[in-house]
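Step one of this worksheet: look at the structure below.
Chain naming follows the written order as A, B, C, D and E, and within any one chain the residues start at number 1.
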Amino acid sequence: MGLTEAFTLVCVVAGAILFLAGTLGLLRFPDTLSRLHALSKADNLGLGLIVLGLLPLQASLMGGVKLVCIWLLAQLSAATATQLIAGIAARRKPGA
Amino acid sequence: MPESLTLVALLVLLASAAGLAIVLRSAVAIEKLMAVQLLGTGGAATLLLLGAATAQPALADVALLLVLLSAFSCAAFTLGEGEDPGDAAKPDEPA
Amino acid sequence: MTPAYAATPGGLLLVLAVMLPAAAALVMLVLGPRHTRVVALIALALGVVVALATGLQLVRSQAALIYVLGNWQPPLGVALRADGLSVMMLAVTAVVMAATGLFARELFGLDLATADGRLATSFWILLMGLWSGLNLVFVSQDLFNLYVALELLTFAAVPLVCLDGRGETMAAALRYLMFALLGSMLYLLGAGLLYGAYGTLDIRLIASASHHGPAMAIALALMIPGLLAKAALFPLHLWLPPAHAGAPAAASAVLSALVIKAPVFLILRLVADIAPPGSAAVAGQVLAVLGAASILFCSVMALRQERLKLMIAYSTVAQIGYLFIVFPLAGVGDGTTPWGTIAWTGGALQLTSHALAKAAMFMAAGIVAEAVGHDRIRDLGGFGRVLPLTATTFGLAGLSLMGIPPSGGFIAKCLLLTAAAIGGHLWLALTILAGGLLAGGYVFRVMDRALATPAQRLALQRPIPLRLEIIPLVLAVLAVALGFLPLAPFGLLQIGRPDIALAVLP
Amino acid sequence: MSALALTSASLFGLCGAALVGIGLFGIVTNPDLLRRIIGFNILGAGIFLVFGAVARRGAAMGLGGDPVPQAMVITGIVVAFAATALAVALLRRLASLTGSATFDAATPAPPPRSDA
Amino acid sequence: MSLVFDIALVAGLIALALHVVVTRDGRGAILGFIAFGLLLGIGWARLASVDVALTEAAIGGGLTGMLLLRAHAHLGREIAPEAMARGEPRRWLAPAIASGLVALALGAVVLAFPRPAPSLAPQAVAALETTGLGNPVTAVLLAYRAIDTLLEKIVLILALVGVWSLSRDAAWGGASQLRPAVIPEPLVFLARVLPPFGVLIAVYQVWVGADLPGGTFQAGTILAAMALLVMLAGLRPAPPTQARALRAMLAGGPALFVLVGFLGVAVAQGFLSYPEAIAKPLIVGIEAALTLSIAGTLALLVAGPPDKAPAS
């Protein structure tokens, strides 16, 4: 196994573990906001590591750019989604 | 290598789906939404890994779509959330 | 390998029959409400010309018309083909569509404020969609293309049901949509199984396959009930009466006269053209039983209705039943060729005469409702005195439904009865007779009110122009006149049948 | 590879069959019309997966699957979406007019039979 | 390993579908269905149908979810809670048995498909050359079976006319009101930042669709989603449905398709055939026009019937 492949595997496995951590956080943390925090961590880092790991495998520059784009878009979506959800949670709290 | 990538893809998918499975049965709507979000990102990661494993670079496009639209359901969800049944302003049927 | 389909002269007419209304719908969308009616009337005129030309071409060449779209031969591409039966359907559709168009023009013209409004504009666009879908059902040779045709029908027919915007019609439309969707989905599933087994969706290529696995049986068992749900055969008829009764009169006319004939036509093609003989015979028997149940049950239901339009709608389900008892009478699936039998001719005549009579009847009911303001049969006493032409229309159309001479319906039912007697299907013969008696019951019930002399003369809420009353009268007269037609033209129905003999084995 | 593809295709075909059953069950048993509409979508997904299995089995000429059923599925997905949109619009209007999201009359859609 | 993956995926799909059908929580069912759409997209990728995976991800994971969630919120406002209460429990045993039998019969047919499987892949590839395309799915959609695609556009238009016809008479021709009473700040941010990416991806999809997976449906759906996002955030109002430009855009794609189709009668081998020399540019041109039509139609289908009276 070459160095690149080892790098890929390490990154990718680390990413998978982060996803697992995100799920665990979703399950174990006590309140909605801290769960949200766990979720966005998993999103950010897990996908980031997997993208990082897969970058060396890309045949073309275009493929690499696309991967980075995916990660950036995921960041953007996750950030907004988190805020939206936090907003709902905040609005709901007084009533509930 | 493809085998290990597929295995990792399976792990990511299971991790995202496990959260969904547990949350869907018990918790409140927001947490279900969060689990769906997690599945969206996890799904994108899974697709990237599968694409690398099976040498189908086009799968990255699918992942791109998933992340592009993942905030979308979240946005739709918030719309129903803002107004209570008693709200005077009915956005869809103005008087 | 020689191509399975060779385009014939005049094949382009089939493309025009499908694309002309579709293009008209697009033009209407762009030009907007003020020009919709004009575009519709032009398209109707052109469509009638196309149907006429198709008929002439068929008579001249004495062979089915064929067109291969984009010159891509099936199985990769899609072919259109019109045999005698298809051309007859195209012609009936054109006649009823033209009459409906003229009727709708007059009806919407009654109230100038709404002539360019939501109801009228939507009606014209949807009517064109309906026509395109109907024509495609009659000429397409590809099962998936036929699925698209069925969806064209669904999406055009469902909104027509609830154009008046009342809560009941919304519920009726939604229920219709659900039945129709379930039907299309089961049909699509069956088509998928057939593709998996045969690698093609072309009807002729599937029919020419020598070996049939379980896929064929299951596919038919999915597709036929799916289509039955769309055709509203008993016991899947629940959606039809509220839907057809709630639609505007012009829409009810096309829905009842034409739209439900499309799935019937497809069932016929599946059973007669695709199904292996054994399955066809079984399917024919089951369909005949359901058809007979439809005739009896829904005729009784029609007798019990309080409202005129509901009564006519139930009568539609009953009359559709006659088309299904043709299967065993014509000997579909018993190894003989059904195309020359009197039952086959009777079925075709029943289909045509019902289309004309039912369109006339729904238009007449629409006129009554427009003039009187309601359609409660009990309170219609003496409407024949204030609307004599409409009452005549109703009576003439009723003759055909009952099967009383002289009328197209009489010849049709007479032929079916004879076929049942010859074939020894006693129960079917009795059903036909009972159906005729029950139809007599519900038609006479209305005629009795029409001719009654109420204490005070029925008050018209608005004047009805003569032109409006004449259109359904013409249709009703045509339905009766079919009875005077010599049967020879029905020999045309055999042109291009059976399809399989021409097929090339792959 | 071809043996593997075969198994995988059959697996998704079976999944499609199961989804068809689940979708039908949802359509027939759910009185809530919005839920019935979702049931239609699951039924549709099952049907499309059967097509997908058929397409996958037809892999040849370096293609991952037979393109004809794939194209049909794309057409089908879009049509199914349009159907969902029309149904939802009807349902919303029905609810606005009558204040109910069910058919008031107690005449549920009869279960589709696979006889005939 | 890939079989294990497929089994897990299929198990997830079936479990989610069951959950969606039986759960009592209406909104939970919709969220479950969105998740189902995501998994299904991965399933299509596993079936090597990337074109379908793209469509499913865009429609199943995006538009359908929004449509259902909006409908749910609307129904929640319109329907009194007591009317939502369930009546007596439905009979479920007979439907369950019937549905199970259908599924079993289907499963049996799926397993009994002939081997080797019949396939049109060889013919589709062989004919690719005359179309100038590289993606056989696009060739099926726009050449071999172009009639299906064309008429499906008409179906979409009819659906839209049908949805519009559901408006009140006074509002007919007007615009839909998509903007909610309260707009969360992050939504506005999203609606400003995301659409440029979306448009870029859509253009890319149409462009590569001729040779690689992708194409007009996918691109149209993405554009529709972006347009909806902008309207939801209140950045732009929904256009009035009587606007001539809007209607021209909606009808433009299919109209061009019909015109090129009849052009084929004159200069090529019949309706919907393309002259071989310019087949590819013609197809890409049709795709571009169709993309705009599809985008408009899908977005307006989600927006629903107009409910504001037109200006004039």
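Remarks
One rule holds in what follows: a residue touches a chain if its C-beta (ideal position, glycine included) is under 8 Å from a C-beta of that chain, and two chains touch if they have at least 3 such contacts.
Not measured: the values here are computed from a predicted model.
Of all chains in the assembly, those touching chain B and also chain D are E. Each step here moves to a touching chain, and the least such steps from chain C to chain E number 1.
Distance from chain E peaks, on a Cα-centroid basis, for C.
Per-pair tallies of C-beta contacts place D-E first.
Chain centres here are C-alpha means, and the one lying farthest from chain D is A.
For this pair, chain A with chain E, the centres built from the Cα atoms lie 27 Å apart. Look at where the CA atoms of chain B average out and do the same for chain C: the two points lie 46 Å apart. Per-chain Cα centroids separate chain A from chain B by 12 Å.
Annotation for chain C: residues touching 2 or more other chains are 76, 144, 148, 151, 155, 158-159, 162, 165, 170, 189, 193, 196, 199, 218, 221-222. Residues of chain B found to touch two or more other chains are 33, 35, 56, 61, 64, 68, 70-71, 75, 77-78, 81-82, 92-93. Touching of two or more other chains is recorded for residues 20, 50, 53-54, 57-58, 64, 68, 72, 75, 79, 82-83, 86, 90-93, 96, 112-114 of chain D. Residues 20, 27, 33, 36, 40, 43-44, 47, 50-51, 53-54, 57-58, 68-69, 72, 75-76, 79, 82-83, 86-87, 90-91, 93-94, 97-98, 103-105, 107, 109-110, 112-116 of chain D are the ones touching chain C in the complex. Against chain C, in their complex, chain E makes its touches with residues 102, 105-106, 108-110, 112-114, 117-120, 123-124, 127, 143-148, 151-152, 154-155, 157-159, 161-169, 172-173, 242, 244, 247-248, 250-251, 254-255, 258, 261-262, 264-265, 268-274. Residues of chain A that touch chain E in their complex: 69, 73, 76-77, 80, 83-84, 87.
Listed in rising order, the residues of chain E touching chain A in the complex are 184-187, 189-190, 193-194, 197.
Against chain D, the residues of chain E that register as touching in their complex are 2-3, 6-7, 10, 13-14, 17-18, 20-21, 26, 29-30, 33, 36, 40, 43-44, 46-52, 55-56, 59-60, 63-64, 67-68, 71-72, 74-75, 78-80, 83-84, 86-87, 90-92, 94-96, 98-107, 110-111, 113, 115, 117-122, 124-125, 136-137, 139-141, 144-145, 148-149, 152, 155-156, 159, 162-163, 166, 217, 294, 298, 301-302, 304-305.
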